[in-house]
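The following pair of complexes shares a single chain, chain A, combined with chain B in the former and chain C in the latter.
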Partner chain A sequence: MMLFGIGIGVLVGGGLLTLVLKKSAGINKLGMASVVAGNVFVIVAALLGLSGRYAGEVYQFFLPLPVGAVLFSLSPLSSFFLLIIAVVTGLAAVYAPKYLAHYGEMPWRFKAHWLLYNLLAASMMLVVTAQNAVFFMLAWEGMSLSSFFLVLFQNERTKVRRAGWIYLVFTHVGAACLLVMFALLAQVSGSFDFDAMRAAAAGFSPGLKAAIFVLALVGFGMKAGFFPMYVWLPEAHPAAPSHVSAVMSGVMIKTAIYGIVLTLGLLGGGQGTELWMGWTLVVLGLVSGIFGIAFAAVQQNAKRLLAYSSVENIGIIATGLGVWFIGMASSNEVLARLGLMAALLHTVNHALFKSLLFMGAGALQLATETLDLDRMGGLLKKMPRSGLAIIAGAVAISGLPPFNGFVGEFLLYSSVFAQGFGSSLVRAVYVIAILGGLSIIGALAVFTFTKLVGTSLLGEPRTDHAAHAHEVPASMYVPMLVLAGLCLFIGLFPLPVMSALKLVLADSGLAVVGQLPSGIVSSLAAMQWVAFALIGLIGVFALVRSRVLSLHKVENTSRHKVGSTTWDCGYHNPTPRMQYTASSFAQPLASFAQPLYSPHRDGSIGPDLFPAPVARKISFPDLILDRAIKPMYSWISRAFETFSIIQHGNTHWYVLYIVIALLAVLFWSFVI
Partner chain B sequence: MNDILAKLLPLVVALVFAPLAMGIIQKVKAFFAGRKGFPVFQMYRDLYKLMHKGIVYSRSTTWVFRLAPLLVLAVSLIAVAWLPLGGLRGLFSFQGGFIFVAYLFGLARFATLLASLDTASAFEGMGANREALFAILAEPATLLAFAALILTSGNSSLWGAISWGQESSFAEFGVVPLLALVSFFILALSENSRIPVDDPTTHLELTMIHEVMILDNSGPDLAYIEYASALKVWFYLVLMANIITAIFSISGWAQILAMFGFAFLLAGIIGVVESSIARLRMKKVPDFIGSAVAFALLALVLEGIL
Partner chain C sequence: MTSLQNMLLIVVLITDLTMAANSRLGTCINITAIQGFALGFLPLAIGLEKGMNFELVAIAVIGIALRGILFPYILHRSLLNSGTSRELKPIVGYFLSVAIVLVLIFASLWISIRIDFIAPQLLLLSTVALSTIFAGTFFIVGRRLAIMQILGYILLENGIYCMGLAFVQDIPMIVELGVLFDAIVAVFVMSVATNKIHEEFEHFDIQKLDSLKG
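On to the complex of A and B.
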């Protein structure tokens, strides 16, 4: 527990200490060092907490609050999220200095950045450990505000300011819902302490539970990015510096997942759930998943694409939570365990591969000075190490074996074999939803990430910048390779990781105890062997290939050649411009699903007699922001404009209004 | 020891007979076209010839392009090793195995797509694009059809479902396995780039899907890919033959004969289908694969009602 306190202290102190330094390089180094040092303490504390060392203990810090107290605990559930936060913020901090260096010499901005970055890390850690609603909301606000200012790093750009504004609005609408929710809970239970709320939960009426569930879903959903509340993600992530996007998408939105799990605990664990809550989460999760990845598929901006894909992954996590709720409500232990395990596992997995991919996008941006996939190409040859990490991340996020993304999805898939759905028709609906939804998400993810990798890393460079790109410094690609290694490790050895999660499931608030079904354990074990066999077979085939090539002495003859031109159907002089771009890759999908995308086309390819240079741009307006929220607000503002006839600037008219108002009030009181 | 040998048998049979099935398909097509066609054993010779050639690598390509053929063949090998062959159990079998195998095919698809984008060729990019697009419908169809088949029997693995079907006859469940079978037949055409989705023998790159993605592969690499495609065709043929023998409850030695009989018969039917209809326009392909989704959905709903 001391370790955790020291860790938070080092984070905050280090952030403040950067203020006294003068040189950018020194500031960046100190900032990084303080995050790494602080996180080492936190990681040790979290590992101890994960082993159940501090289970059931609640600590109070002497700092008094106006309402409530600074209560926190390192229960296995809190420690689990703490570990993810500490690992990802630490690796992102190692990545940050060289990335920040490309902005130039701007000491004050870096000072502010590190102070805010450390505060963001510390406040996220407090969010997942807080045991008092007031303290929780303070930490939550600290997290929202520090990340808001981090997004505004390049605040001289209009687009960045706009993105920050959208983020601020959404995050506070969400926080408002949470305030109402905690106020309701406090009113019924008579205390802001989570323990008191848990104790009072048994007496909650179904209506109150429903209200709390909906408020939690909207409030936390705004932060997590459920459909249709995801709007800020594709705006804020591209605007922020890449390591900040990595932290925001990798771990910050996961604090909302923690929030939902926490709320269920507050509702009294399994007794608090009802069947409709579970189905709501499953439907919401699958819809988020499909819409998120469908929009990711057509993006040309690498980070915007990744932001949409976060919506997809949050959807998969929400589906897992929904399966858990369904299991709890129908006292189906197998289903409950599978759902929660899948949700938690996918939370770790997404934190790993999404932060990896955001760092990768930052590396590509540094090398080519753009995030536009249509202006990249051929970068794997220039940046072999970061390229390798990005490819590993892409395979992992597409949910393909032998990487970690597959394991979480497999657990969800396996839930279709569970028994006890009541009627077999309900089961058929469940099977269709899970199998159909997840497989469409999976296929779209393959579409999206082959596009991302294929157009940025493979092929030929499309611009001079891309042609002269260089590998990023080791401090940037090493964190990415570490993350890629972790993805592969969880994919190859899922069982140890899952047994480490057993205590988290059994955490006091959740009480999902017992073993995973033996069928699933043996499936995972068998898949592990097949994965090794796959790797072995690849090795054997590679060996055979090189043996037959040397055996038949074709090497060094004209029949064997390395470095010829690509066969382009008889055309001998292909240019990089003839390659498929990210936009051309997306075009058929966009035309098949026209109503979903309603692509916006600028410029035309006219049927002129003589060909002339033309510019054509295609963009995909967001379904919610550009096609629902913006039209709605412009309608509202138009509606209010009709009132402008009474506002014309003549003082005597305004005095007349006051007289009319007074008379009306007098008349009103007279009548009453 | 005998046990392991028996488990390896489906794999060995696949490795030996897969190219023959390809030969049968082309022989049937040749017959309908009024040609003599090349011998049914031609593919073995082609593979042998390709293994003796050198490889030409474009300077655009990277290690991704060299890895893909190895991965694709490894995946096909594992898939046919998993598939039961009549009364013979596959090399491994576990709950949800079909999901794992479907995702392994997904991994192979991922590698093929990246390898084709690696060549920087406009044609290969186009093929990759189409392949990725049509997979959006083919993936759910595959999983739903498998699920209908397996859940009908109350089992959780394909081996369990097939052996259950052979003992107590799928016929009891009437139309469900039949609908899954139809779904798999459509998938067999679309996933193996057959007419009406794709034409493996056309000379026009613009109309291709799968063949155009491997334009730049040569020598042993091409042999690996061709062999992997043959194994994938075999995978679908045996899968369908399994369902048919289970529907008719054929067991014992007759079952082994029936397996081969149905597998080669289905190869012939694919040849007939390919000879009798034209390739669809690209815009119509999603409708065709979508019908596989529809049949699988119908099977699952009926399974729920019955």
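On to the complex of A and C.
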């Protein structure tokens, strides 16, 4: 516990200390060092907490709050999230200095950045450990505000400011819901402490439970990015610096997942859930997953693509949570255990590979000065190490073995398969719907990340920038390779990870205990061997390939040499501009699902007799922001425009309005 | 109510009506001065009936000094600065204005009868109070020039003062001073604003000040 306190202290102190330095390089180094040092303490504390050492203990910090006290605990569940936060924010901090350096020498902005970055890390850690609603909301708001200012790093750009505002609005609507939720809970239980709320949960009426669940879903959903509320993600992530996007997408939105898990505890665990809550989460999760990945598939901006893919992954996590809720409500212990385990495992996985991919996008951006996939190409040869990490991340996020994404999704599939939610026909339809949804998500994910890797790393460079790209500094690709290594580790050794997750499940607030079904354990063990075999196979193929190529070389000396490029479309000597682009890769999908995307096309390819230069741009307006929220707002503003006839500009009329209103009230009070 | 008090109240009513019929700004200021004197003497008349005390005398003196002398003086000064002497094109014509003020007086009577916590012998006082308030707001709405708006505001304040008398009989000094202080500040601010408007635009027809609308 002391360790955790020291860690937070180092983070905050280090952030403040950067303010006194003058040179950009020093600021960046100190900022990075403070995050790494603080996080080492936190990681040790989290590992101890995960082992159950602090279970059931609640600590109080001497600082008094207006309502309640600063209470926190390092339960296994909190420690689990703490560990993810500390690892990812630490690695992103290592990545940050060289990335920030390309913005030039701007000491004040870097000072603000590091202070806010450290505060963001610290407030996320406090969110997942808080045991008092007031303290929780304080940390939550600290997290929202610091990340808002981090998004505004390049605040001189209009687009960045716009993205920042969208994020701020969404996050505060969510926070408002959470305030109402905690106020309701406090009113019923008489205290803002989570323990008191848990104790009072048995007496909650079904209506109150429903209200709390819906408020939590909307409030936390705004932050997590569930389907209709994800709007800020594709706006804010591309606008923020890459390591900030990595932290926000990798771990910050996971605090909302923690929030939902926490809410179930506050509702009284298994007795508090109802079946419809689970189904709501499952449906919401699947819809988020399908829409998220479908929109990711057609994006041309690498970070926008990754942001939509976060919506998809949050959807998968929500589906897992939904299965857990269903299992709890129908007292199906095994289903509950598998669902929660799948959700938590996918939370770790997504934190690892999504932050890896955002850092990768940042590396590509640094090398080519663009995020547009259509302007990249052939980068694997220029930047082999970051390229390797990005490929690993892409394979992992697509849910393919031997990486961790596969293990997480396998667990979710098998939870649905193994239990089947009973045996009636209606249930069978549900099961098929869940499995179908997950398969669509999986297939589109493979499509999306094939596109990402294929158009940015493979092929020929499409622009001069891409042609002259070179590898990023080691401090940037090493964190990415570490993340890729962690992804591979979970993929290769799922059983140790499962036993660590079992510690989390034993958390008193969750009340999910017991063993995994033996079938699943044995298939996980088998998977481990399959993964090793796969890697061995890849190694063998690589060996054979190099042997064959070297043999070929000898023969080539005698005959004339035949060379060809990737994506040559069957042409003998194509120019790089004839390659498949990211847009053309997504074109079949876009035209197949035209009603979903309603793409916006600028310029046309006319049927002229002689070819002339043409420009064509295609963009995909967001389903919710551009096609629901914006039209709604413009309708509202037009509706209120009609009231402007009252605003006459003439003082006499204004006074007359007041007089008429006063007289009306006066006469009304005497007539009635 | 003694006949002296009634007489003062009737003077107030008559001043309301003459304000409505008059186009000369200077005369209108003088009319409010007369109204100020009448209202200033009202506490003394009450004192004659119920026994004089220091508070009533003080209220009367302060009231007469401000309403009867200081406000008219300030307004005459700003009128002199502006060089305007008449309101030529009021929004509501003079004949109609008199008719409207008469209607307002009857409406006030109608309301006063229905206010059940006012003693019947104070009916005239509350009627005068309400009709002065209404007349004041009517002048704010129905006249163009800024000076007339100020006069309307002064009438409004006078009406509120009367209303206070009608509700609580003997106004505590502090309340009366509060109302008067309000009026002083308002009149000062408004005269200054009027002068500034005049300097800036060479007129103080506030109907032309509509460029701030959104």
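Definition applied: the second predicted complex is superposed on the first by the 626 of 672 C-alpha atoms of A that agree within 3 Å, B and C clash if a C-alpha of one lies under 4 Å from a C-alpha of the other, contacts with A are read in each partner's own complex, and residues count from 1 in each chain.
Definition applied: a contact is a pair of C-beta atoms (placed from the backbone, for glycine too) under 8 Å apart; a residue touches a chain by one contact, two chains touch by 3 or more.
Bear in mind that the values here come from a model prediction, so they are computed numbers and not experimental data.
*Asks:* Could you look at A:L666 and tell me whether it touches chain B, chain C, both or neither (first, second, both, neither)?
*Replies:* Only chain C; A:L666 stays clear of chain B.
*Asks:* Would you sort A:A542 into first (chain B), second (chain C), both or neither based on which partner it touches?
*Replies:* first
*Asks:* Touch check for A:V655: first (chain B), second (chain C), both, or neither?
*Replies:* After superposition on chain A, A:V655 lies in contact with chain C alone.
*Asks:* Contact-wise, after the overlay, does A:G14 reach chain B, chain C, both or neither (first, second, both, neither)?
*Replies:* Neither: A:G14 stays clear of chain B and chain C.
*Asks:* In this superposition, which partner touches a larger number of chain A residues, chain B or chain C?
*Replies:* Ranking chain B and chain C by residues of chain A touched puts B first.
*Asks:* Tell me which partner A:G174 touches in the superposition: chain B (first), chain C (second), both or neither.
*Replies:* In the superposition, A:G174 contacts neither chain B nor chain C.
*Asks:* Name the contact category of A:G49: first (chain B only), second (chain C only), both, or neither.
*Replies:* Neither chain B nor chain C is touched by A:G49.
*Asks:* Which partner does A:G285 contact after superposing on A: first (chain B), second (chain C), both, neither?
*Replies:* It touches nothing on chain B or chain C.
*Asks:* Looking at A:S644 after the superposition, I want to know if it touches chain B, chain C, both of them or none. Which is it: first, second, both, neither?
*Replies:* In the superposed model, A:S644 contacts chain C only, not chain B.
*Asks:* Overlap of the chain B and chain C footprints on chain A, residue-wise?
*Replies:* none
*Asks:* Provide the residue numbers of chain A that touch chain C in the complex, in ascending order.
*Replies:* 644, 647-652, 655-656, 658-659, 666-667, 670
*Asks:* Report the residues of chain A in contact with chain B in the complex, numbered from low to high.
*Replies:* 377-378, 380-381, 391, 395, 398-401, 406, 410, 413-414, 416-417, 424-429, 431-432, 435-436, 439-440, 442-444, 446-447, 449-451, 453-455, 458-460, 519-520, 522-523, 526-527, 529-530, 533-534, 537-538, 541-542, 544-545, 548-549, 552, 554-555, 557, 559-569, 574, 576, 578-580, 584-585, 588-589, 592
*Asks:* For the complex, give me every residue of chain B touching chain A.
*Replies:* Contacts found on chain B: 51-62, 64, 67, 69-71, 73-75, 77-78, 92, 94-97, 99-100, 102-104, 106-107, 109-110, 113-114, 117-126, 128-130, 132-133, 135-140, 142-144, 147, 151, 156, 205, 215-216, 219-221, 224, 282, 286, 297, 300-301, 303-305.
*Asks:* Considering the complex alone, what residue numbers of chain C touch chain A?
*Replies:* 91, 111, 114, 137-138, 140-142, 206-207, 209-214
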